[in-house]
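In order of appearance the chains are A, B and C, and numbering begins at 1 in each one.
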Amino acid sequence: MEKTSTDAFPFTMNSSEKQETICIFGTGDFGRSLALKMLQCGYSIVFGSRNPQKSSLLPNGAEVLSYSEAARKSDIIIIAVHREHYGFLTELTEVLKGKTLVDISNNLKINQYPESNAEYLAQLVPGAHVVKAFNTISAWALQSGALDANRQVFVCGNDSKAKQRVMDIVRTLGLTPLDQGSLMAAKEIENYPLQLFPMWKFPFYLSAFLCVFFFFYCVIRDVIYPYVNSGKDSTFRMAISIPNRVFPIAALTLLALVYLPGVIAAILQLYRGTKYRRFPDWLDHWMLCRKQLGLVALGFASLHVLYTLVIPIRYYVRWTMKNRTITQATAKREDPFSTSTAWLSDSYVALGILGFFLFVLLGITSLPSVSNTVNWREFRFVQSKLGYLTLILCTAHTMVYGGKRFLSPSSLIWYLPSAYVIALIIPCIVLVIKFVLVLPCIDKTLTRIRQGWERNAKPTLNGERYLKQSSVHLDSEL
Amino acid sequence: MEKTSTDAFPFTMNSSEKQETICIFGTGDFGRSLALKMLQCGYSIVFGSRNPQKSSLLPNGAEVLSYSEAARKSDIIIIAVHREHYGFLTELTEVLKGKTLVDISNNLKINQYPESNAEYLAQLVPGAHVVKAFNTISAWALQSGALDANRQVFVCGNDSKAKQRVMDIVRTLGLTPLDQGSLMAAKEIENYPLQLFPMWKFPFYLSAFLCVFFFFYCVIRDVIYPYVNSGKDSTFRMAISIPNRVFPIAALTLLALVYLPGVIAAILQLYRGTKYRRFPDWLDHWMLCRKQLGLVALGFASLHVLYTLVIPIRYYVRWTMKNRTITQATAKREDPFSTSTAWLSDSYVALGILGFFLFVLLGITSLPSVSNTVNWREFRFVQSKLGYLTLILCTAHTMVYGGKRFLSPSSLIWYLPSAYVIALIIPCIVLVIKFVLVLPCIDKTLTRIRQGWERNAKPTLNGERYLKQSSVHLDSEL
Amino acid sequence: MEKTSTDAFPFTMNSSEKQETICIFGTGDFGRSLALKMLQCGYSIVFGSRNPQKSSLLPNGAEVLSYSEAARKSDIIIIAVHREHYGFLTELTEVLKGKTLVDISNNLKINQYPESNAEYLAQLVPGAHVVKAFNTISAWALQSGALDANRQVFVCGNDSKAKQRVMDIVRTLGLTPLDQGSLMAAKEIENYPLQLFPMWKFPFYLSAFLCVFFFFYCVIRDVIYPYVNSGKDSTFRMAISIPNRVFPIAALTLLALVYLPGVIAAILQLYRGTKYRRFPDWLDHWMLCRKQLGLVALGFASLHVLYTLVIPIRYYVRWTMKNRTITQATAKREDPFSTSTAWLSDSYVALGILGFFLFVLLGITSLPSVSNTVNWREFRFVQSKLGYLTLILCTAHTMVYGGKRFLSPSSLIWYLPSAYVIALIIPCIVLVIKFVLVLPCIDKTLTRIRQGWERNAKPTLNGERYLKQSSVHLDSEL
């Protein structure tokens, strides 16, 4: 029963070959989009529907039959129906025996059901080969060519041959299949499209905490103290002056926290004398979200740069400078020029610019398309060597900013030191430990451990030693 | 007849397997580059030429024969000849029967001929399977490894098996084949390499119009009016001051125009009570170029930021500030500090910075490699939620910029309001409508419509209802 | 002999199909990572080891046997052993006959051995098909899903069928195989992961030379001269003022050097009257690293922008301006406003901003993911047309900066002209030659040459003429 439609897409015809037929159960939005795309790529499509006569809106060229009739026409059946309606499939067990069922369903919440939809489907129709696929692709992306949205299709299933056939279809549709193993991976694949930046959660909450803490710290020193002491209203500082203290502090602290897990891991490996024991979970997780931490730090650094560059166009700054000039002009008094102040001011600014410049370079190389064009050695050179140089420059920038006032007791307000002094604690710790770790004697031991050497290895294992060390593949650094 | 050449590329030899042979008609630049690449990837190459004895410059390892002899050696024949010279193929109809002809030709103009070159070829040699491919790849990209230029090869053809074989060859060459369906798609594929940013045309012309209009609007207010009124020459304002009004206006207007089609579409869907009717063409086209509109807006916003940050180093600004200070110093008069002005000035700047920062984040996530690593929900979160936050921040930035002068009659010049007041019209309309649309009662109806519910659906169709709603795939938002 | 392990990855089981078995010689880090990944993707793994009883830490599900037993179980054997230990393979020649050996080894230095490891392996085991693969992938990238690091696997080998099977495995692991031809390419593939930005070397050294030269040039003019002449200490200028002269000079010179090889090549082609003769090696190399030259220039331009924008917050600048104002206020003298100075100052800044803006656009389009979405014509439009516009704007920016002082003898210090005058030499040469080359009469000849026309072609070759010109594919520009 041919459907007519207004869609006028080119699809393959006059072919001397018999085309492969794919069956789709369910005529919903996504089923139709998938059918249209498959027709365009040269497949024959047959829909399975409860009321084949009633179906409308189907793409031109697709047939609509009853479920069992449709299933008989193809070895591959795409189940484009919500999990709640899978029940009817039990009646088709006989027809579906040995066929490949492609589960494309998604849930509304993460871990909504005890088992994944695909595993549930495999239980309902025991004779069929269930493959999970297509759930990360949107109908919209299928229709508009998937240039922008994600083209990756995660595929998993217990039957390799069925999985392979589904992956071939994915490839023919111009998408990229990624084999995720057996059906046990289905739960993770079904959760994937419901996730909202899981790796960004820790960096986000951490930076939110840092911002709130330092914001109130600065409010106490810069707004409440002057008000209590001299009744001065400096609330307007909360718009720019105080954020421009909070942002660089957050940036520097987060940047140091990118490199802290690496030195902790190195200490652990030195202490244990082997790399073959797993790190604690918190350290593992921390190390996996270093990139995100670094990018959040870069965001704060960029804000700091913008907030700093607008300083001269702020009313407060212009008013202050004008009045100071007027006061001096009235008093006919000129300040002498201080070369040391000029040196401090200029080197503080120059260190900041160079640090920010390297930081942006690090950010650019962490773009997926850029990091894909560099080899492993180049990637490590940029992320490790340039990263530490950035940390050193930014720490020096903050220290020179303090300049002569640094650690002077006069800058204590209510016994509270300046905020930037607190910001320097973690970076300095990281840099000092790293400095110790690169000392030749310690570095040598660490390198041996990372190439597979074990301090307490039994001598009987020596025969295997060379195999353990084989294929170091340059990833000896964490 | 072996050719000798100075090229010393490694190509497969000593193979225990018989290599696949590919025939190339035509010994031009592109044919030779393709041959060289194929030789490197393990194919045998035979050239078909009118005068096989005269051919030179051919890659080492390729054979050159007459057309019919060469065609007999392979099932796949690449036609590396201009369309105007296809004529000679009619004489070879017998030899080419059942073979796969790959049309790689391009034209000099879009829609140069009534039918595509590939369809013309299929008419000339009716017995052969014509496949269109390789026309988007340049000889240079083939030789230099195609790291930079486009690696995508659009493929189309009526015979699935022939098409599949060509796609396998494309993959072996390290390129990415994209199946575009039947030979009817050849016209579009042939036009593709001749296009010059088709999706950018509307944003480009729109922004050019906005810029020119507001430029002259500002010239009237800021250059002509002072000249007519007081004979003051302020033409120098056309270099920085006026562009720095035009750019933010263009940026804000274009950003609002990114979100306007979405709210129009929502209103249309609410009015029609269904999502199963197509939008008018202008709305469809508008929605497809929202990304480009947004990026143009980001460009203008970046220019606005740079033009603003250079304000303090402009001669005009320095001169004005110096003279004002001198005047006040001579009069021995100091301005009192106004906390409310400080608040207005600082929050205006802070809103602008935060808006620009989010805008840049939006721009970064629209980079293909970044948007490919986020799932659909994350992409929508960034583009929709963060996008509206950006629009709100930028609109607020413009409003606070106006500050106390906003809508005051004294800022009218020749009955013309300030340019930024005009710039606020569209953003405010978009934000007000969006605010209405997210009210719970309206949002609920809209969500149901987008999940497939129809207001006027006939009750007899209820049996199909669950199928319509299946596989929402999170794309309920436009 | 089954191994037990704590790893709990999902891998394929219950399959109705017999899985493909892969054998891995060597139980080192990389061998184990590869095994784990392959198990997850549905392969059976058997390890070959000298002491199968002693092996530990192997992934769950893998078998460990002696070398010969393991080799008998699979057609594909991955050699995860260092080259120095390949010796034992000679004893297995009989077992390995006809099998595919995958060499995954890396060296510690570029060109460490006279022949590549893979070729050495092929000599040791003459009966086997050696394929080089996987050496660019790190164990860490395999385990963490290879999202960040390089997913490209370079593959080469003399036997097409063996190579094809290895490429299929690569694809199944979610990686991207790139066929590099015969085993002769193995040396290059083995050197690849040891390279450190080979294309960046020339731009890096060139820019380092430019920076050092111009830094000392400026130190002589701005620090030593004032000290010698008037004993003034202006060493603080070395932090910001002098870098802010060196960076724009380096940026402009490097940008001009991006376009210089193109015009040299055009002159060569016009002189030779053909495009079918190779360019000298230095020109070839120069043309291949134009992108890197441009990106380094963009880096310097960005630094110049940041250094310029911080000018108003420098102590030296604030002090100078304040004192000048005080002096004038004390003398009760106001400067008259100069419209021409305002024009010069503003247009200098505006040209710089627009030039920098276009430069950033060029940089963004050279990101791999962006350049992959544009077609060849669009890429050339951006890189050639917009590139020259950028060069013109930046050259004009530098000229207007000079303004009235440009080439005036008063700016000579110790007979040395200002540094920016020297910076203008190469850009002006490039722009003048390019202007001559786009004159219609010359441009026409050049286009014909680039389409395959030869000035001295023999008339007897005319029959082949149309084939030479076929498939111009828009790459007529260099």
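One rule holds in what follows: a contact is a pair of C-beta atoms (placed from the backbone, for glycine too) under 8 Å apart; a residue touches a chain by one contact, two chains touch by 3 or more.
Protein identities per chain, from UniProt: A, B, C = STEAP4 metalloreductase.
Computed from a prediction, not measured in an experiment: that's the story for all the values here.
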Both-way neighbours, i.e. chains that touch chain B and touch chain A: C
Proportion of interface numbers common to chain A and chain C (over half same, under half different): different
Intercentroid distance (Cα basis), chain C paired with chain A, Å: 24
Sequence positions of chain B contacting 2 or more other chains: 147, 309, 312, 325-326, 329, 367-370, 372-373
Chain A-facing residues of chain C, complex: 9-17, 19, 26-31, 40-42, 49-51, 54-55, 57, 80-82, 85, 104-106, 135-141, 144, 147-152, 172-174, 192-197, 233, 235-236, 239-241, 243, 299, 302-303, 306-307, 309-310, 312-316, 318-319, 322-323, 325-327, 329-330, 367-370, 372-373
Chain A residues touching chain C - in the complex, by the definition given at the top: 129, 147, 156-161, 163, 178-185, 276, 288, 291, 305, 308-309, 311-312, 321, 324-326, 328-329, 332-335, 337-339, 341-347, 349-350, 353-354, 356-357, 360-361, 366-379, 381, 452, 460-461, 463-464, 466-475
